[in-house]
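You will see two complexes here that share subunit A, one where it goes with subunit B and one where it goes with subunit C.
The block that comes next holds the complex of A and B.
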């Protein structure tokens, strides 16, 4: 890795400096950076190989511990996994060559470990069915491999169809509308088509059932990113200062109240705390990222808390969840069974785990979907789970890193929102199974068995890669920026609305933004193209 | 399967998992170098026009320092134009000059303007900030061309 020493190749003297100092021409100083940024696809390939090794090793361990012969199924499973990874890697090489090298391997390893654990639970279910004399249950692992393949198709499709993430800004309202429809659809459909285990968050189409909320998550992030880019002034207008924070004016609370209403409707009509929490959390964090005002988060948390309290008073399903959360052992054989079994599983695993294939994770209901974390926790222990959570953390921070590095505001908000969505979903699901927060029944990204979740998360990762590709791409391969030539007639609409707002506005301390944000010198220049956007 | 083998493979798998995490962290670390270069170069390129338009008086005063130059360390040769706003130096990602130096603190020092003079201020760093040979304790005026040492990095104000 070459260090970015002495931009321009010159020493400390002023000889190297003039190239950097040329005003307003950003491209002039970028070659120094470009030399330092390699595509790093080799690193990605190596890490993917490592992920494949870990997954295969885990699979072999499971088989060995379960006293299974190394069957052909195993070979198919492993080969299919590697082929899928290889396809994804080739696609990234071709369509997003400068993308972050870590994102895909991290997702792949999570997916691989998930596959192993699903296969492991399959073995237990098959054994139990055999002992009870029932028919052999379908192998979820094989279906999950199929879903992984579909996920990679979505992943590649996303990379191909979205060559520049800024084009998505144009479809902000469409995305928001489609997301809302997807979110509302299960509540409107008859319960026979939408209800699974009490939560109405499904659409069942014959054998396949999809969870539209997973896709709505991405669509909402796209919508909020484009909405906040255009309407940011609305959220930063000064209100009263109180308790050391600048609070917004009451009339500017409208959009937040709408989001709150949607979250509450999901909670009440679909009986789904998880999706509701996901949705509102993303809204709040994106608002915070866009405005840097903690007051929005506080207001949001207060009204969400009030709404959740009201829901707890009126909705019986929410009451059940809360009472289980407060004391899972009160009704051990009934409602608290799942959570307490999960806790026992984690306790059995302890620090080092029982070893892959040596535990009894199948005792927990939904051991391969919502409660896959307790299954993993039982078999790989605290040490393994900590590594797994760290991998999630890395995945989220890579998205945040792309958000910091990318130069357009829409990209920043998009990547930050997507990264946070992953982290937040992990928090909600892990917090649920370890009884930190009420259990909500959403899936762990990439690990849990579940088609919609996997496919949606691969699409999400593709978007993150797209943004990071734009962030790391050297300037020489870029189109001329509008800043350099305002005469460029064919500047895309989305670019016009986002390009002018430079990173200085999001980078806080140096530009003294803490004092009054919208008063920064970039604001007036940023507004002109926005007007153009509306005009068109 | 023998118990011993089971225990060994169990530990081995966990070690492998953590090895992956460490490998990933190494990639993150190498990425930081690229990031610090990007950060340090960007403000210098973008600030001069702004400082020139919003504060013409300062641009006109030819006597004061105009730029901050890194003369030694990993970022040697980097030049940041001064436009009246304080310069934050440290390992934090949002610093004006992002140092990737084991001897630098997250928020190490601030160089800010007061009147026509620039002052350096240590922000409670672990290893201290040195103006020429003297350790900086409070806000200290920085004469032109006097080296400020932060870890392995040396910076100077130039006119």
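The block that comes next holds the complex of A and C.
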């Protein structure tokens, strides 16, 4: 799979050198400079500090514009946010010292700005309740800080429990199954437990609600990464060439059709365009990354388009979303109200925004969750949301960068899938609220108010950090387990299976003689042919 | 596998670019349209969230914004008018649905706080953390005079207008239009209340929403003889002693149309009378002939220098331009000379003519705003008197004053103020398609006291007030004008 970067004959791949990894790509240079590789944790700390400064500044602006006194609550809120960041940083230092130093600060900054906006909407809700003589509503910002803490617990837990991302490959099918259950659960649960605002994507347990789709997203990425590593040959087997692309044989379309079926089921039974779009988009991109064949993407888009068209024909909720998308103002006081109000908010903000705390984001329903981007767009303007989108872009491309740098296929697919998941989710939700695509009702990662989303995305970031740690870790430090082969059989085994499959698929010609390969368990033999393959 | 990874990274950037493109479309290209959309409540809420400045006159608050008494009100401040109908022609209204009128509209940038003159205040408000609020507008209106004029009109159930000006400064001291309306229901935060009020007001007959003083033009009738005379005096064509025709009717030049005096009687016993007598008795024949003698150009020039035909005039509400109309042939010049034909002017313009005579021939720019204040009532800007180009000489003004005193003393004298010499000119203007059966509009242009006039006033009572066809400026409008002058001079009116 690293074929494109493989220098011809550079992989002598001595079969009997289990302790020395000699990947053919640029990372092969690493052992030589191992001692010089900096962990760059200092950079991370400085950037986290920077994120905290921006967040604090934004918070002060909100308070000033809303003519609020700086209360103790706010101080605790800020202190808690910083303490949580510090904890995350310490965990990264300890458990993933070579991780990408940008990823955590980017997530923290998004989270911080989200907190500020949620707090700002809180103030508007409190003022409204006060003027109506109602009880003061719960402060979502305080809850969100709680969710941030839980998110960081998941984050640290993920770093601790997954010391090597490759171990996850073994749980691929488990992840896929659990993901499917989570995705399906709201559809089979009674509507009273799953339906919120028309979309059945929730599991409501007493006071807490979980959006299982957020967790399913990660589980599916893990599943697909491991599935594609093992079954890649299934997708790269020969097919007809047409229009300069190699199309797969119809009988190999099975897995894609299954994914399509799941996406359609989500669309029809849960009335959730967002999750459906999310899920299928991630599948297609991972498939493309694994196979390097654009034909899969085209086939996928065509069948998804057909399915979406059918859904538009038959599912009234989808019809509604589309008609609102085409003309949000047509039914201003009805179904188009939310999107129209969002557009008004954005337009009122204009290029520079009204200033934090000086707009009226509360006029848009769900100003702190699905529509938090219009709230931000109103108060920090085009300039502000451009900055936010660039932060997302950076976050996603840092994950891609890790995917490029990491040596194993599973890691590449995992990081690419997670990185794309962030970008794709941002596209679907932000595109929805600014009326670029039909509005779907999912949350903006890290920014929107919502526990499931926040916790799931911190877990996601932990996985990205885990992969990037593996990518940057000097080889000398990285391979204690293989060196100690017999004493720690687990890790090599996990690796071996991965590597073996790589070789398997690279070598396998279309006429592939698969039965030759089962000699898998022996890792060293798995590596030897790989070098040779590369030389070809 | 790295090539697709790079492509996917590129795709991610394309996705972000698409989002940025759409955001730009909405926040830049469509921004103004969406911002101004009437369904976008943000602008409105902002407007009502800031305390709008007050409008005051002579220490009385005419319009102010107070915290809405309804706690569930989305809009924080409620606009309230004290003595609504009395001041409505000046203050105008401030409605969420129907926009603003009058001073509320003309001085909106000051009242809502966005005027550049308030810039420094805004900064200091921001620094000191004071609630942002609009600036205040102080009017030159004198509540005593305004009330006297309004009550004089409404107590007689007159429909019309009164405008009073301080001749030396151009300050408008009173601006009354009757019947008037109450702007309070229009400022209500209840849409239904606003709609009902608006529907009623727009269907009112006689109309109430229009400010007659500046929005309506009327034929001036004999009051226009002041302009005609001023032009003749400036041209040296006449003196008060010049003998003019006393015939009860004359034939208009270039036509067979007969023009007769108001009552069809001769102007005096002989064939001629001195011009002063003709002015005092307001005989039509001599003025028709004089207008022809003065000529269309001089007549129009005098009217223009007195403020006619000025579409740019604002006080600061925009003022309907007064027009002399077509002066193509002798007949039209002759008829225009007595303020008929196509001559149309606003009550403000007529007051301006009287004020110019009172001010020795120099018209002053009329204005209703005397001061702009910050929210703390500190003065931000003061309107300085603005002299316009002299319309006629001091001696012409003196002669006109004497002629107008003659006219005043010739009248019936109802409501005369003992010990106060007023100079005036009455007018009884025919109007409409059937002028002989329509009750005429009656006018009274006056200033006083002479010497040292402190107030110039113009009164119009539409449709002859309650006197029907027998109405004259002297009998209907003059008592109102004298009451206004009396109020200005401290009498009890």
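Quick note on the criterion: the second predicted complex is superposed on the first by the 451 of 536 C-alpha atoms of A that agree within 3 Å, B and C clash if a C-alpha of one lies under 4 Å from a C-alpha of the other, contacts with A are read in each partner's own complex, and residues count from 1 in each chain.
In the analysis below, contacts are C-beta pairs under 8 Å (C-beta built on N, C-alpha and C of every residue); 3 or more make two chains touch, one makes a residue touch a chain.
What you see is a predicted model, and the numbers here were worked out from it, not measured in a lab.
**Student:** First (subunit B), second (subunit C), both or neither: which does A:350 touch?
**Tutor:** Touch partner of A:350: subunit C, not subunit B.
**Student:** Determine, under the contact definition given at the top, whether A:359 touches first (subunit B), second (subunit C), both, or neither.
**Tutor:** Touch status of A:359: second partner only.
**Student:** Is A:331 touching the first partner subunit B, the second partner subunit C, both, or neither of them?
**Tutor:** Neither: A:331 stays clear of subunit B and subunit C.
**Student:** Once the shared chain is lined up, is A:252 touching subunit B (first), subunit C (second), both, or neither of them?
**Tutor:** neither
**Student:** Touching A:233, do we find subunit B (first), subunit C (second), both, or neither?
**Tutor:** Neither partner.
**Student:** Report the partner of subunit A that touches more of its residues: subunit B or subunit C.
**Tutor:** Per-residue touch count on subunit A favours B.
**Student:** For A:404, using the defined touch cut-off, is the partner it touches subunit B, subunit C, both, or neither? Pick first, second, both or neither.
**Tutor:** Once the two structures are laid over each other on A, A:404 reaches both partners.
**Student:** Under the stated touch criterion, which partner chain does A:164 make contact with: subunit B (first), subunit C (second), both, or neither?
**Tutor:** Touch status of A:164: no partner.
**Student:** Could you tell me if A:43 is touching subunit B, subunit C, both of them or neither one (first, second, both, neither)?
**Tutor:** In the superposition, A:43 touches subunit B alone.
**Student:** Where does A:416 make contact in the superposed view: on subunit B (first), on subunit C (second), on both, or on neither?
**Tutor:** Once the two structures are laid over each other on A, A:416 reaches subunit C alone.
**Student:** Does any part of subunit A touch subunit B in one structure and subunit C in the other, and if so which residues?
**Tutor:** Looking at subunit A, the two contact sets intersect at 1, 3-5, 25, 67, 381, 390, 397, 401, 404.
**Student:** With touch defined as at the start, can you tell me which subunit A residues reach subunit B in the complex?
**Tutor:** Going by the criterion above, the answer is residues 1, 3-8, 10-14, 16-17, 20-26, 28-30, 32-33, 36-37, 40, 43, 47, 50-51, 53-54, 57-58, 61, 64-65, 67, 101-102, 105-106, 109, 352-356, 358, 380-381, 383-384, 387-388, 390-391, 394, 397-398, 401, 404-405, 502-504, 507-512, 521.
**Student:** In the complex of these two chains, what residues of subunit C are touching subunit A?
**Tutor:** Within the complex, subunit C contacts subunit A at residues 1-9, 11-13, 15-16, 18-20, 22-24, 26-28, 30-35, 37, 39-43, 45-46, 71-73, 129, 131.
**Student:** Which residues of subunit B touch subunit A in their complex?
**Tutor:** For this pair, the touching residues of subunit B are 1, 6-7, 9-11, 13-14, 16-21, 23-25, 27-28, 30-31, 33-38, 40-46, 48-50, 52, 54, 67, 69-72, 74-79, 81, 85-88, 93-96, 158.
**Student:** Per the contact definition, I'd like the list of subunit A residues that touch subunit C in the complex.
**Tutor:** 1-5, 25, 67, 131-133, 285, 288-290, 292, 329, 332, 340, 343-351, 359-360, 363, 377, 381-382, 385-386, 389-390, 392-393, 396-397, 400-401, 403-404, 409, 412, 416, 419-420, 423-424, 426-427, 430-431, 434-436
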